[in-house]
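One structure below.
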Amino acid sequence: MPDYTRIREEAYAANMRLPALDLVLFTFGNASSIDREQGVFAIKPSGVDYQNLEPSDMVIVDLDGKVVQGQLRPSSDTKTHAVLYKQWPSIGGIVHTHSTYATAWAQSQLDIPLFGTTHADHLTVDVPCAPPMDDAMIAGDYEYQTGFQIVNHFATQNLNPIQVEMVLVANHAPFTWGKDVKKAVYNSAVLEELAKMAYLTRQIRPDVPLMKDALIEKHFLRKHGKNAYYGQ
Amino acid sequence: MPDYTRIREEAYAANMRLPALDLVLFTFGNASSIDREQGVFAIKPSGVDYQNLEPSDMVIVDLDGKVVQGQLRPSSDTKTHAVLYKQWPSIGGIVHTHSTYATAWAQSQLDIPLFGTTHADHLTVDVPCAPPMDDAMIAGDYEYQTGFQIVNHFATQNLNPIQVEMVLVANHAPFTWGKDVKKAVYNSAVLEELAKMAYLTRQIRPDVPLMKDALIEKHFLRKHGKNAYYGQ
Amino acid sequence: MPDYTRIREEAYAANMRLPALDLVLFTFGNASSIDREQGVFAIKPSGVDYQNLEPSDMVIVDLDGKVVQGQLRPSSDTKTHAVLYKQWPSIGGIVHTHSTYATAWAQSQLDIPLFGTTHADHLTVDVPCAPPMDDAMIAGDYEYQTGFQIVNHFATQNLNPIQVEMVLVANHAPFTWGKDVKKAVYNSAVLEELAKMAYLTRQIRPDVPLMKDALIEKHFLRKHGKNAYYGQ
Amino acid sequence: MPDYTRIREEAYAANMRLPALDLVLFTFGNASSIDREQGVFAIKPSGVDYQNLEPSDMVIVDLDGKVVQGQLRPSSDTKTHAVLYKQWPSIGGIVHTHSTYATAWAQSQLDIPLFGTTHADHLTVDVPCAPPMDDAMIAGDYEYQTGFQIVNHFATQNLNPIQVEMVLVANHAPFTWGKDVKKAVYNSAVLEELAKMAYLTRQIRPDVPLMKDALIEKHFLRKHGKNAYYGQ
């Protein structure tokens, strides 16, 4: 019998950090962790309060979104996770929240502009916002199509999910990922802070210029270059 | 002698959750729970601090707002609760708060626009704002008329209190309800979050379009349709 | 030897509630309580951290702002308190904070408009903002003149300190008072919430109308009329 | 063998206060304390979570930014600290954060205007924002140049680091300092509050006038004059 202990515990710990980091109200979020060898991931069950959650409640699902093990119904966003895992073999964990400022940007259907080094320390482009789906995609398998909307937007915009570990889905909310689910949780908290700072920046100065290219490049190399040395 | 234990304990627990969810300052709110068979509801007494509240302090009131049992004076909003319970036989609990963002929208005398799925997961129309009462209603039995102002606005706008479990009263503050008072508390917290997100969305992008009809319909069916499956 | 125990303990308890209610950063605030019979009040010492404060640290001061008892230097706002106590014999306690939203309105040199019942439940006029002092008053005994600036503004505007228990001082911050210092603390927290709600209301709808006269009058009578019954 | 106990413990205590004061998310900040006699300072190691930090983790660095003692890599902002300590012999501690409102002003590339006494109690000019560096400085030794950008801006603007203990670096974030690192932490919290109040003030009233010169001068003398007496 396969052993899902690692991903179950990682997914559980990640889900529990979401309310602790003030990223979710009630059950408005979910985190998952994948086992690439076994081709399954563990995800939060649907509609269970965080205070009642146990590691054993995590549902084990395959990359088509079918339940492999678990008594509870998986989160209604499970198919979105499944698509991202299937299309992007490099990622190890995914987090979805409706965190307040990031969701406000998603509702505004706008990318979050790169205004400073807090942003550039994490990604050196605007946080992308995938546009609203067309009506046929919505009417179809909605959560499944949400995954494709994200993957297609990254392809169209020539974005690399290893370098850009976060996205807004227009009219919906953010998704983040990373090499593991711990990094995905970190990215969700960072995104919320970037969203708040960018909001305030534009309120203070609507015509504020974006950050200089030289500074963007410096931060990219500081983090991703062969002599990377960043760490506050 | 009739037994009011259930509604007293439910109303008490609901009232205690309001400060815990950061929805009330001091005593600016109240929750009630109804016993439909006995035709009475339990509501918070007037002006008692939350830290001193006991289940036995809850006041038992009939659907005309008359006290049936209890030493303390019921909340000054009691008649508004009574009207809603009498006019809408399907609801089991009511919550009134002056939560910050929802109250700011009520003071603005505007509906809260439907900008995203966080909103659509709970109601698929704008959060309605009942207009200011005319002077005769205000001069009369004010809290009683507040109830009728809400009920009339729902009738005029063809809104169903089973599908739309929240309202703003212009220049005043929000009321929410649900099948039981626990759901009404949940709705108060959701409303405050929707109010904050909509505020931020319009600040970021004043000309932001409303959500697409296809997406609104999808969310309505996901929740209320015969194949309802929603749950994060 | 006179006994200052009551006012010392009341002033201490009030000062300790200011950080608990999130109304002060570090030592940016002070509360005092008066003993009208003895003609002295107890006030927070200058620059002492809240976590190190003891009831015995409170400084006893007369209505000219002279220290009567106490080892520590009284708050630099002491003379403002002294003027208010001397000019307004009905008040029993005073609180001064630099709470964020109220101070932003003071810095804007604007009254806080009456937009809703949360405000009208406490005062039925805009929260007054005393204008900047003229240069001679500033150059003179500044904190003393701050008190007169408040008292003169109330006289000029025909405001009654029993009905309006709060004021903004332009470019500075709020002062509140009440029959006792407990009520003054309550008013400081209420003022901060009114300031935040009014801020949000005008951001949502810059042209929002003020509340109707009929509703203002209703709330005034609900609270101050001979049949007063208000209490949530 | 030299004894670095004092600066290690001071730097540790200061770093631990940054998350407690809500000034940093994750590791987005660092504090250092200098021993002027030994010509070294203690600074937070790079990328270590606050909950795992120990006094012995602090890295001892000389005024050229070279590590003198310590197993861990010092914060990537170390060279900025080193330049400030070398150029300004009067300062004893430095703090760098990405606190939300101060960073938003830095991203806006604007000084924080002096709107009120909360600000004037701490500095009697606008909080200066050092402009974006030119491309050659960015491409060079970036963190080192950040220090010179600050020092040069103070020289050009004729600002005294003893009277103005805070700066914004455009597109980046704030730095604060003081006679010791405890004061630098205090200044970081004060700066964040001033940034928030100034933000709100301009949102409430975009055309708000700056504070009167007479009031600025009064506050300067109240604090720095020979008869200084300030303390709330």
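Read from first to last, the chains carry the letters A, B, C and D; within each, the first residue is number 1.
In the analysis below, a contact is a pair of C-beta atoms (placed from the backbone, for glycine too) under 8 Å apart; a residue touches a chain by one contact, two chains touch by 3 or more.
Quick caveat, the model's predicted, so the values are computed rather than measured.
Chemist: By label order, what chains touch chain C and chain D together?
Modeler: none
Chemist: With chain centres set to the mean of the C-alpha atoms, which chain is at the far end from chain B?
Modeler: Of all the other chains, the one whose centre lies farthest from chain B is D.
Chemist: Are the two sides of the chain B and chain C contact the same residues or different ones, given that same means over half of the numbers occur on both copies?
Modeler: Different, since under half the interface numbering is common to both chains.
Chemist: Using CA atom averages as chain centres, what separation in Å is found between chain B and chain C?
Modeler: Computed from C-alpha means, the inter-chain centre distance equals 33 Å.
Chemist: Quick one: report the Å distance separating chain B from chain D, using the average Cα coordinate of each chain.
Modeler: 46
Chemist: Which parts of chain C, given as residue numbers and ranges, touch two or more other chains?
Modeler: 203 - these are the residues of chain C that touch more than one other chain.
Chemist: Of all residues in chain B, which touch chain C in the complex?
Modeler: These residues of chain B touch chain C: 25-30, 44, 46-47, 73, 75-77, 96, 98, 100-101, 103-110, 132-133, 135, 138-139, 142, 171-173, 199, 202-203.
Chemist: Can you list the residues on chain C that touch chain B in the complex?
Modeler: 115-118, 186, 189-190, 193, 196-198, 200-201, 203-205, 208-209, 211-212, 214-215, 218, 222, 229-232
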